[in-house]
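Okay, structure first, notes after.
Naming follows writing order (A, B, C and D), and every chain is counted from residue 1.
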Amino acid sequence: MSEPLLEVVGVSKQFPGVRALDDVSFTLRPGEVHALVGENGAGKSTLIKVITGVYRPDGGEVRFLGRPAAFAGPLDAQHAGISTIYQEVNLVPLMSVARNLFLGREPRNRLGLVDVGRMHREAAEILAGYGITSDVRRPLGLMALGAQQMVALARAVMVDARVVVMDEPTSSLEPREVETLFGVIRRLHEGGVGIVYVSHRLDELYRICDSVTVLRDGRLVHSGALAGLDRVALVSHMLGRPVAEVRREGFTSFAGSHDTATDRPPVLRAEGLSSRYRLAGVSFAVRPGEVVGLGGLLGAGRSETIKAVAGALPLDSGTVEIDGKPLRRPTPVHALRAGIAVQPEDRKAEGLALGLSVRENIALAVLPRLSAAGLVSEKKIDRIVETFMTRLRIKAAGPHQRVGDLSGGNQQKVLLARLLATGPKVLLLDEPTRGIDVGAKAEVQALIDELAAEGLGVVLVSSDAEELIEGSDRVVVLRDGAVVGELRGDQVTTEQLMNTIAVAAS
Amino acid sequence: MTLVADSATDRAETASQRTERIVELVQRQGALAVLAIVVVVGAVAFDSFRTYDNVGTVLISAAPPALIALGMTFVIVSGGIDLSVGSLYVLGGVLAAWASQYGVVAAFALPLAACGLFGLVQGLVIAYARLAPFIVTLAGLLGARGLMLALSGEGRETYLVQADPFKHFGTGELLGIGYPVYLVAGLFALGMLLLYRTRLGQSVYAIGGSEDAARLMGVRIRATQIRVYVLSGVLAGLAGAINAARLGSGVTVLGTGMELDAIAAVVIGGTLLTGGAGTLGGTIAGVLLLQVIQNLINQVGTVTSAWQTVISGSFIALVVVAQTYLTRLRRVASG
Amino acid sequence: MTTLVSAPSLPQRLRGWLPAYGVYVAIVVLVLFNIAFTDNFLQWQNLRIQLVQVTPVVIVALGMALVIGTEGIDLSVGSVMALGAALIPLYLGYGMVPAILLALLGGLVIGLVNGGLVAFVGLQPIVATLAMLVAGRGIALVLSSGRYKDIRNADFLAIGTDAFLGVPYTVWVAAVLAVVVGFVVRRTVFGRRLLAIGDNRPAAELAGVPVRRVLVTVYVVAAVLAAVAGVIQVSRIGSADASRIGLLIELSAITAVVVGGTPLTGGKIRVLGTVAGAFLMQLLTATMIANNLKDSTAQMVQAVIILVAVYAARERRTR
Amino acid sequence: EDEPGGSPTADTSAAAQTTKSADAGGSTCTLQQFGGQKVDLKTATVGFSQSEKEANPFRIAETQSIKDEAAKLGIPASNLKLTNADSKFDKQITDVSTLLDQGVQLLIVAPLNSDGWDSVFQKAAQKKVPIVTIDRKINAKHCTDYLTFIGSDFYEQGKRAADKMAKALNNAGTVAILLGAPGNNVTTLRTNGFKDQIAKVAPNIKIEFEQTGQFSREEGQKVAEQLLQSKPNINGIYAENDEMALGAITALKGASKKAGDVKIVTIDGTKGAVQGIVDGWIFSVIESNPRFGPLAFGAAQKFFNGEAIPENIIISDREYDASNAQSDLGLAY
């Protein structure tokens, strides 16, 4: 076997109150695609940050190309040959796509000035290879998350790296983009580059990874080739539960079709939602106990539809009715009061108050109910917070921990807890399982079912086609901000979904 | 794999793109547009406003604030703020006047070096101690003024400019426009190159746009921050020096509130106070706009001092509200 | 909830402790210094002077802390003080209470404008209030037709001079306001919402927090508090000088808030820390005046102390 | 000299400035020497640049006096261009430049600072516009740069205040100074005059404390409060303007002192301060007369008529104490 590219030897990292990494070791060889898996909060992202010098380990050592490496930061690591795509898209939204792509290594002319023309040309060429054809001079922030992720990928691969680290690169990608990504990985793999690949989507791992390292609660629990390890065994490692138990419970938790009487009046009815440049008359209805999926490609207007219903997108025309009563004014406050709870796509930017505690975040939307005459009742808050922390199995040092210090999955659960605490009639979920581990994902999916069974209307948006199909009773397909089709009953299959999209496109 | 956008989307894209471009142009040049309107109105209303002399006066008066605003633009784009510039401006003037006894080179070198050093210290504290720029430079405001008072015998001593070439630089004119104006124009051109066309400039935008992302993308945050504050300090010192040359002495009773004027000019010019976006062209327009408004008030010649402040304040609010409205249009237009 | 929790080490505990209590340590140090080097320091009368002098800053800083908690800033407080002051002599003829109410109403109007510009127009707080900083004082000057007025109403002057239980009325006012603000921040829905907005405004909005209403209220409260400070100042000085009252107080107030451990990034407010921060800066000035320090030295010392205090009060993030 | 029961306006003729010395040993300047054009003031445009907001009695009286005199001479209001620098020196330089660009034929300036006028003089010299500086002197060349200075002798004011203080304390005691704004020429001169004279006439008076009160009542009060706390043995306070003295009085009241316990000497001559003498709180006020209108326009008129104008026109300032405060209260501004 060839010399290892990267070795992590007995690394530990302690955060206030949490031991994020405890004596973790792992090895990466040239041309190897190494999966790093574990539940939310297992320490994957922390390990990556230790490798690239974002964090300093409390103990242990990182060795690169046979020599001890203590990188001063990502730049240092990048110079040495370790390129990273971080879990949350980490680009500068206000800067243009091209400038983001080339930041720190802009092409320069003889005077040492940035050669803007060449930069734009090259950027357009490079991104075309990733299926992105939009204007590279536009601010990056105007692009969809998936497109941004592709830019980050292109950026990481552009340098001649020896090691490429990818922390959940597919969490905001479309199937089509995932294929592009895999093509890139294959190319790198053939070029002898070592790849560390973090993902919660197990089928992906089996498609592209050679070996796997499993972390649980900051400790190494398994490391070895992936080929010999079946899914159930892998999951049992991750969850720390016996194989038999995992096999019995399975890991897709949607119950299938729900009991929705078609004659019941809809709990949510959206009529002709229009907003310049974004939505062109979207209409649909959701009955109590029904899960309606919104399908479509990136940029089809799914998130916009959700926001419009939640009153967070100024509308030119259109109405939203709850239980037959139209919303008086389409603002988040009124929508919430009427019983609409929304889980936004980007939990960091729009979902959570990261600086506040788990407790404050869960209670935020229901403060009026937990208070009398404007004074909050700590007791009532404690009760509701405890209920939901237990029900959603939120893993935190306690209700007073900063949400920003939780792992991605647990952050998502806190967000869901806040929605449920409002006792909504309609749930709007935009990518509810993005970045969530198998265990939590199953829990969230089961939860969606359970809530629907309790009579809630659910609107579900997911880039994970499987999840969308399995989870929804009906799928409304969008394109360019308009409804182009609807799948019901037997039609709710992946093929039908793809067909509808493709037909509309042709 | 061919579920790519069709021609319908393309058409929609171009339509929205066109609107966006137009709106973006107006927005980016918003301050310039308002400036043009104000100048035209002024020229129609007052004979004495459209004289060549008056243009010269506006430009030369705008020179020191423009330099300060130039540095402030870098600072604000990088996501920071510099409240110390007013004090550094006075300090620079006093030092320049004092050093002019050793010749014109010293008269420029000393204030630039001293104020640059002051900026360096602020930059170091901001970068390494990770304190909020607002508070660090607020302390800088006090510290620099204290230093200036200490150097001038509690402000009692006014050093007179000794070097004639230095004085001549401050008061001399070419084609009726003072020399400092040419210097400032040249520095703005350099500033534009620095901001738009160098890696440092890119880093400034990046750390202002998202410090976390910039760090993970390998931008050297600290080095960039430090440079930005040094630049701001140096430019404030230079502004002080050319003003000393123009006034012929190191006046100690200057500069209070100057930082707020500079911030106002930069923001009027369309730069986001939260960092990450802004142009130097806008800053020039912002500086000139504030000067022209003062000038117009003087042209009227009968506005009481109380009303002058009311007008200035309302005007700032008005322009910024207009800016914000345009920005929002742009955001809507581009999705 | 089965996370490994280990007890924090001593330096870690110290680190957690310093931001919260650093400002009190600094006060103790300064008091000890004064006991050693300043004449007539340990006297009841001296404490009274310091309290009376710090009162306007404390009141303004309380409002400022609320604004900063929403990730905003209010530069217009000094001008609002001037406006409140300018209104007093205009309406004192109708009696003390109407005059004070009108002064507060003046503050309320400016607060509404500030809040409206921030919450509805979407201006950045520093710009919106910068415009008001300039225009507000202009309005105050116009109202007072440019010249200050001496106050002769004995009832009104009594506010600034008389005491209850040996403590001046004005100090009582500040104390009560501090308690109320502290209570609001800790115990009310409004306080929680305010902090959530400061931490993440879009998130708060989607969570159904009436963001605009809360923001407008915050700016109104800050402005009304500033007007209260203006009224107190007039009663103390015995004249309403719109060109001078509240000059640069926004900087003192911001300093007090930040030195007291409230971060400028919002989402967190330390009310007691703010009061202590104001008191620390007041004690510092007093020390330097009492020891007849030169103005230049005084300013440089102040700069250093601010930096040290804020450095101690900063929140550390692990790396 | 005074007219009993004079009109309520401040600008009674009795209150007007009188010249003390029309030429303190300096040169004179004629239209010929200066090289300018004869101008008829009635039809001329005149510029007046005020340095600070008209928010305190001194500045209000000063600007009003210029306006009144211009009206009296029949200068149309639209020909009198007023600017206000709002205490910003840069702005004053720009203001004056703008006035020159507007083609004013006479410029009256109340400078914020004595130095820093080079660029303005250069421009004025080119256009041959005579500059009359009032209340604060400008350090520059007479007859080339400016026509004349009309104002008080601040150093002298400080000396007179020292004499009063010496008298009040019987030549012995401890005194505190409430300084004006730092860096201001007025502050410097009033301080130096006071200290020099105290050293000369009453060496037993110790100056134990000097802190700036920024020429403002609020600051003056604050500083005085601290002062009375840390140095309760103070016998006298010299305030460099009336505002700070009035602040100090409030502080004294707060410290439960009685009128006359601490002797206050101050400079300016505002109504409030003179009333303070009547009430017993202030020992003496040295006047600094702001009514520059008549003298300024008078000098200009003479100049355009070809007469020689002296470099300095120093006005004689009144002083108020217990003997005349009641009767002369009407003269205060």
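Keep in mind that, in the parts below, contacts are C-beta pairs under 8 Å (C-beta built on N, C-alpha and C of every residue); 3 or more make two chains touch, one makes a residue touch a chain.
Predicted model, so just to flag it, every value in this text is computed and none were measured.
**Student:** Could you name all chains that are in contact with chain A and with chain B at the same time?
**Tutor:** Under the touch definition, chain A and chain B have C as mutual neighbours.
**Student:** Calculate how many whole Å lie between the centre of chain B and the centre of chain D, each centre taken as the average of the chain's C-alpha atoms.
**Tutor:** Comparing mean C-alpha positions, chain D is 36 Å from chain B.
**Student:** Averaging over Cα atoms per chain, report the distance between chain B and chain C in Å.
**Tutor:** 29
**Student:** Please report how many Å separate the Cα centroid of chain A from that of chain D, as a whole number.
**Tutor:** 72
**Student:** Where the CA atoms of chain A average out and where those of chain C average out, how many Å apart are those spots?
**Tutor:** Distance between chain centres, rounded to whole Å: 42 Å.
**Student:** Counting only residues that touch at least two other chains, what does the list for chain C look like?
**Tutor:** Chain C, residues with two or more chain partners: 141, 146, 265, 295.
**Student:** Quick check: what residues of chain A touch more than one other chain, meaning two or more?
**Tutor:** 54
**Student:** Would you pick out the residues of chain B that each touch at least 2 other chains?
**Tutor:** 149, 154, 272, 304-306, 308-309
**Student:** According to the definition of touch, which chains form touching pairs?
**Tutor:** A-B, A-C, B-C, B-D, C-D
**Student:** With touch defined as at the start, can you tell me which chain B residues reach chain C in the complex?
**Tutor:** 125, 129-132, 134-136, 138-143, 145-150, 154, 260, 263-264, 267, 272-274, 304-314, 316-317, 320-321, 324-325, 328
**Student:** Using the touch rule from the top, collect the residues of chain B that touch chain D in their complex.
**Tutor:** Those residues of chain B that touch chain D are 48, 51, 53-54, 57, 60-61, 64, 149, 152, 154-156, 158, 160-161, 167, 170-171, 243, 246-249, 251-257, 291, 294-295, 298-299, 301-302, 304-306, 308-309.
**Student:** For the complex, give me every residue of chain C touching chain B.
**Tutor:** 73, 75, 117, 121-124, 126-128, 130-139, 141-142, 145-146, 251, 254-255, 258, 263-265, 294-304, 306-307, 310-311, 314
**Student:** Taking the complex as given, what residues does chain A use to touch chain B?
**Tutor:** On the chain A side, the touching residues are 54, 73-75, 78, 84, 86, 90-95, 99-100, 103-104, 106, 112-114, 116, 131, 133-135, 138, 142, 155, 176, 179, 276-278, 297, 480, 501-502, 505-506.
**Student:** What part of chain B is in contact with chain A in the complex they form?
**Tutor:** 1, 3-6, 8-9, 12-13, 16-17, 193, 196-199, 201-203, 205-206, 208-210, 212-220, 272, 276-277, 332-335
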